[in-house]
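Look at the two complexes coming up: chain A is in both, with chain B in one and chain C in the other.
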Partner chain A sequence: MSAPRIAVLVFPGTNSEDETVRLLRACGGDAHLVHWSRADTLAAYDAYVLPGGFAYEDRIRAGAIAAHDRMVDDVITGCERGKLILGICNGAQVLLEAGLVPGTGPARRPTAAFTHNAPQAHYLCAHVYVKLVIEPHRSPITAELPPGAVVPAYAAHGEGRLAADPAHLREIADGGHVAFVYVDADGTPVRAPNGSALDAAALVNREGNVLAIMPHPERDAWNYQHLDRGGRTDPLACSGGAALFASFVAAVARS
Partner chain B sequence: MSEFIVAIGLKIPDNTAQTALVALRRLGVAVEWVERCDLWRVEAGDSAALHARVASDETLFNPSKHWLRILDAAEPGPGEAWITPLPAPGCAEGRARRLVAWRLFASDGRPAPRETVAAAVERLLCNPAIECAQYQGKGAPPEAPK
Partner chain C sequence: MSPLASDRAATVFPVRALDDKTLAARAEAAGVALRVDELRRIADACGRDPTIVELHAFDAQWSEHCSYKSSRHFLRRLPTEGPDVVLGPAEDSGIVHLGEYDGERYGIVIAHESHNHPSQVVPFEGAATGIGGIVRDVLCMGAEVIAVADPLRFGRVEERTSHARHVARGVVDGIAAYGNAIGVPNLAGDVYFHAGFDDNVLVNVVALGLVKEREIIHSFAPPGAQGWDIVLVGKATDPSGFGGASFSSLTLDAADSDANRGAVQVPDPFLKSVLMRASYRVFAMLREKKIVAGFKDLGAGGIMGCSAEIASSGGYGAELNLDEVNVALDDLPAAVIAVGETQERLLWVLPPEATAEVLRIYNDEFTLPAIAHNARAAIVGRITAEKRYVLRHRGEIVMDVPIDVLTGSVRDELPYVEAVRHEPGGNELPALDVEALLPQVLAHRDVASREPLFRRYDGVVRGTTVLPRGMADAGVLAPIAGARLGVALAVAGNPRVGAIDPRAAAEQAVLEATRRVVAVGARPIGLTDCLNFGNPRKADQLGAFVAAVDGLAHAARELGVAFVSGNVSLYNESKEGRAVPASAVVACVGAIADIGATVTPGLKRAGSPLLWIGSRELALGGSVVAELLGIEAPLPQTDYAAERLAAALVRDAREAGVLLACRTVSDGGVLTALARMAFDARAQGRALGAEIDYGNPFCEAGGYLCEVSDAGALDLTGVLRIGTTLAEPALIVNGTRFEVDALHAIWSQPLSEVYP
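Showing the complex of A and B:
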């Protein structure tokens, strides 16, 4: 069986594409960079990953311009056809601006956003843990993770706070759209370090084929990147952050 | 003390406004030109003193690249949309509130009609989950939490 073809989208200002491709390939995916000028090639891929960065310099709002890019036309079409889509950090912001997550409104009519951190609107740079709080099979992307999986990651954002009006926040909570919340290393819930509503670190759409996660698991993919190396002897062995990508690639292979 | 609105915009080409123009046209919104500036709602004693104070604050104003005005009107004019970020729950605003003002122009060089401004706001310029839009005949800025 050939490896699933995964497109890693590159907008002007994207900056996490190389480590994302590297990890997807390490997990068995046939991952390739697709730049904004080659949007015409996107339809041939099995799945899409929107990596972190500052697409279009975050002009107007984080993710706002990229959400209307020609490439996202294909992402929206792919979403409707059930393709698996993962957005990380700025990629997550793009998915929310595109209305694909939580997906409670029409495409490109956002009902939520990852916006300026609170109470201090400062850039957050920290090692964090996030915990899967949906049943793993709720989304094919998380189906290979154990229930309650704790995934290490690095938060690196100034705009990672989930915000929506009260009605939409209820819809997000009641609809099982919060996929990961912030926890400590033991999996005990903690207040989101960015003030995120519902302490949400990641959202999933109703169908489960689109996941938007703010912290970067791909930056804690190998032991040498992990904050606490105690007992980890092989620096090049996969650390916990790779698990989400392995689950994603496995899901694409099954789809 | 009275409320004033301080407008600070770029004298140099505004890449964000240009990007918005291209995106709006791609979305089918009929605009010929887009301008943008920051607005600050502040309380002050008089406008001349406020102007002098802001002009000397290099974190807000760089005379080499910015223009600075104290606005006469506290509401958007024709072709304008003012976008105000909604405050985070439980967070008090500072003494100055920042908005972004967009000015849209039609092909005849006049301010874009209200329906064009509305379309631009709805399709690109405002995310209603985190922002409030105000333009002629629409909306008032949200109250800052006390």
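Showing the complex of A and C:
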């Protein structure tokens, strides 16, 4: 049996596919780009990564149209079969719009969304830290991270604020769906820079096989991306945000 | 007679039968900017009266925007050759040699343009299409687009309801919306605010690309291309952007802004994102099959301008059928299809055996027709051996002219008066109250933190960013996966100096752009310029332009760096006909051999010597403090030998491993540079400060402020040690103490009101 293969989905408007594939491969994953016109090949992959960008121009609401793309049919089917699925930024928005995260309703009937930042509803690019607030084994995707791991990343989005009605928010909080929250470099909780409910940076579904994270760990995952934080000696080595990718790849290998 | 109303495209425009006065009136009524003498030259070259389509084709092609008719002969003064130059200013972009990795030579493609007039009229769309256009200029060289930058010059934004503030916001939002969506990091840029830009904003845009030097695609039909296909790719042609080339060659008050809104193009970054990725796939296919092709961006002059230039620069003619062009609306007049400037279009010249596969990639694999209404790749014509340019429309020949007349150089020898060099009296330095002035300088609109603006830009997409915008004087990327090679990018051009002395401002722009690249540990390898000036038909305004070109040329020769690309934007004037402050905006690309040795500006530790390396002439002319105090003072003179020595010393300090941090001394002077180095440390959690003793800490004469670990390792002849770093977040200046946190709050606030 060959090594499990990871598909990195490219919708029209996706823009972070290349660095996502590059980091997955550096972490040992057998990752491949799959474009929307080759949706027919998706079912054969063992895991799915939905990278950042502006799929279908973020029309209506970020991720709303992409959630109805033919490619997401296979993502939904894969989710039901327990395949591991990671969505980053726009990919995270698609997973919420597809109803896979928090996954408390039917597919394509979202119960929460990542929507316009608040109080300033504009795009924000800022370096952030996020902290794992679930027990690592709650999700296979985070299983290799230490408890309370602090992961560096870049927030780079205009619609990253978790929003839901009070009942669904309670469901998210009580169901242990908040996987990462925003913190400072020392791991102390801070208010989410985008006004996100529960200061949530990432959500996980009940089964733990789908993780949707708003900030980009792949943009602070190489030493050259943080030279003054110990990155100078081997600038081309992986570090920082690569830990989450490595944990994901390890989980795919186990699956 | 509006061209949009004129259906009979082959209808002639009477030139020869009319007297000068009637002809001028007819031309104006037809919405063309061609002068009477130019119209007569066209009729003579054609041997008959031009058709309506020909009239608009020449109007675009002979506009200042396309032909550089009043500026090109001056631009020959710029140095454009050197050991780092791979391709000088001849095509859509220039290319410089970055370095070698894994047996391949890599080039950095760079282009620099303005989108001033469109941005003044419709700020969001004007600025967005500026980014869209510059990205295509780089893409069409066969390159992957790796960064953009945006030097901006705004008017006074202090008043909440001012139009200048509306423009300043719209421009930033337009750049953000476009650049973020296509996934190209915004790596560098600057912004100045000056009353001289109240009526005429400057929006310059720069883009960088990465290309293997043996895989460059040129913007001309390759040898042996007769009979090859001309393939148009992208958005369906619509009436937007009709007359754009001649619009940007008019002053804004002549060009009534409502009437010209239609001349501004409509951006579609979503389509562009797909077009870029599809084009990368086409590049790979052509490389694999060893097929040589021509590729060019559609800009001014639309399909006509692009196809005529790609054919004629290869020594060919071209014949196109406008009925094959994918259009957004039925019944578009031939002139609009031919010269309209609809965005998001590119044009290939392909050997017929490659065409089907190229069409398949764009139309089927990347599904262009499903991405935007009637977008596609389609064959629209062919390259001909006969050097004529022929357009057909609905069975008629609507244009048939000698191609070399259409694309050949037109030249206007306009008179100019030499710009007067600034020579103020009063060399006496005023006594400066540092305690009162430092907070004012840090809060000055040209010094205050730019973060509220650039945090709206994605600076880290693609995952290659080493130093994002704002972290240092230049942005740095590691563009080649697996390689330690880095590329640095910085821009400069100070309108406070430009308003005083165009030549000095141009020289300083070259100096400061190169310094910024040197400060992060890079070697300058190439320059671009965008010359934003007034009306060339006013002798003093043309004189300012000429003086700036001479300043650029002199500084670049002295520093041994070539200009590989550039752009001229004229007719930038206020409503009263005053030129904008002379603005020669310069971008500099630098090469870094090892990104691990990139220099960052944050102070690193307590007890380090602080050195001011470079010119320290005590001249306040053009400085922030001179403006705050309302004094006129001499401009700093440039000593190029000292400048070269300073750059060499910074390099030596880095190579010796003793350079801990570095910033250039520019807006706000050496004390501002020091405060920012303390802010940079603060941003990384290091609470450090410094104590300095220096009499004129606001002078902007240039040079570098460096923190070094061991001054003994360097030859410090001519270098001033101005102080020492402290273990507490405070700046002690000539005995006066400032808290870094308090200064940071002052510096951070002003622009957050404009960009909340």
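Annotations for the structure displayed:
One rule holds for everything that comes next: the second predicted complex is superposed on the first by the 247 of 255 C-alpha atoms of A that agree within 3 Å, B and C clash if a C-alpha of one lies under 4 Å from a C-alpha of the other, contacts with A are read in each partner's own complex, and residues count from 1 in each chain.
The criterion applied here is as follows: a residue touches a chain if its C-beta (ideal position, glycine included) is under 8 Å from a C-beta of that chain, and two chains touch if they have at least 3 such contacts.
Since we're looking at a predicted model, the values are computed, not measured.
Once both complexes are superposed on chain A, the partners chain B and chain C fit side by side without clashing.
In the superposed three-chain model, the partner touching more residues of chain A is C, compared with the other of chain B and chain C.
By the touch criterion stated above, A:L124 is placed in contact with chain C alone, chain B being left untouched.
Of the two partner chains placed by superposition, A:T142 touches none, neither chain B nor chain C. Contact with chain C, but none with chain B, is seen for A:S37 once the two complexes are overlaid on the shared chain. Legend: residue contacts after superposition of the two complexes on their common chain; A:R232 is shown touching chain C, with no touch to chain B.
Computed from Cα centres after superposition, the angle at chain A between chain B and chain C reads 70 degrees (steps of 10). When the two complexes are laid on top of each other via chain A, the two nearest Cα atoms from chain B and chain C are 6 angstrom apart.
Put simply, chain A uses residues 56-57 to touch chain B in one complex and chain C in the other. Interface of chain B with chain A (complex): residues 15-16, 19-20, 23, 26-27, 85-86, 88-91, 123-125, 127-131. Chain contact summary for the complex, chain A toward chain C: residues 10, 12-13, 15-16, 18-19, 22-23, 35-37, 52-54, 56-57, 120, 122-126, 154, 156, 185, 216, 218-219, 221-225, 227-229, 231-236.
Of all the residues in chain A, the ones that touch chain B in their complex are 56-57, 59-61, 64-65, 68, 97, 108, 110-113, 115-116, 118-119, 161, 163-165, 168, 195, 197.
Listing the residues of chain C that touch chain A in their complex gives 173, 176, 180-183, 269-270, 273-274, 277, 364-367, 370-371, 454-467, 478, 481-482, 484, 594-598, 600, 602, 684-685, 756.
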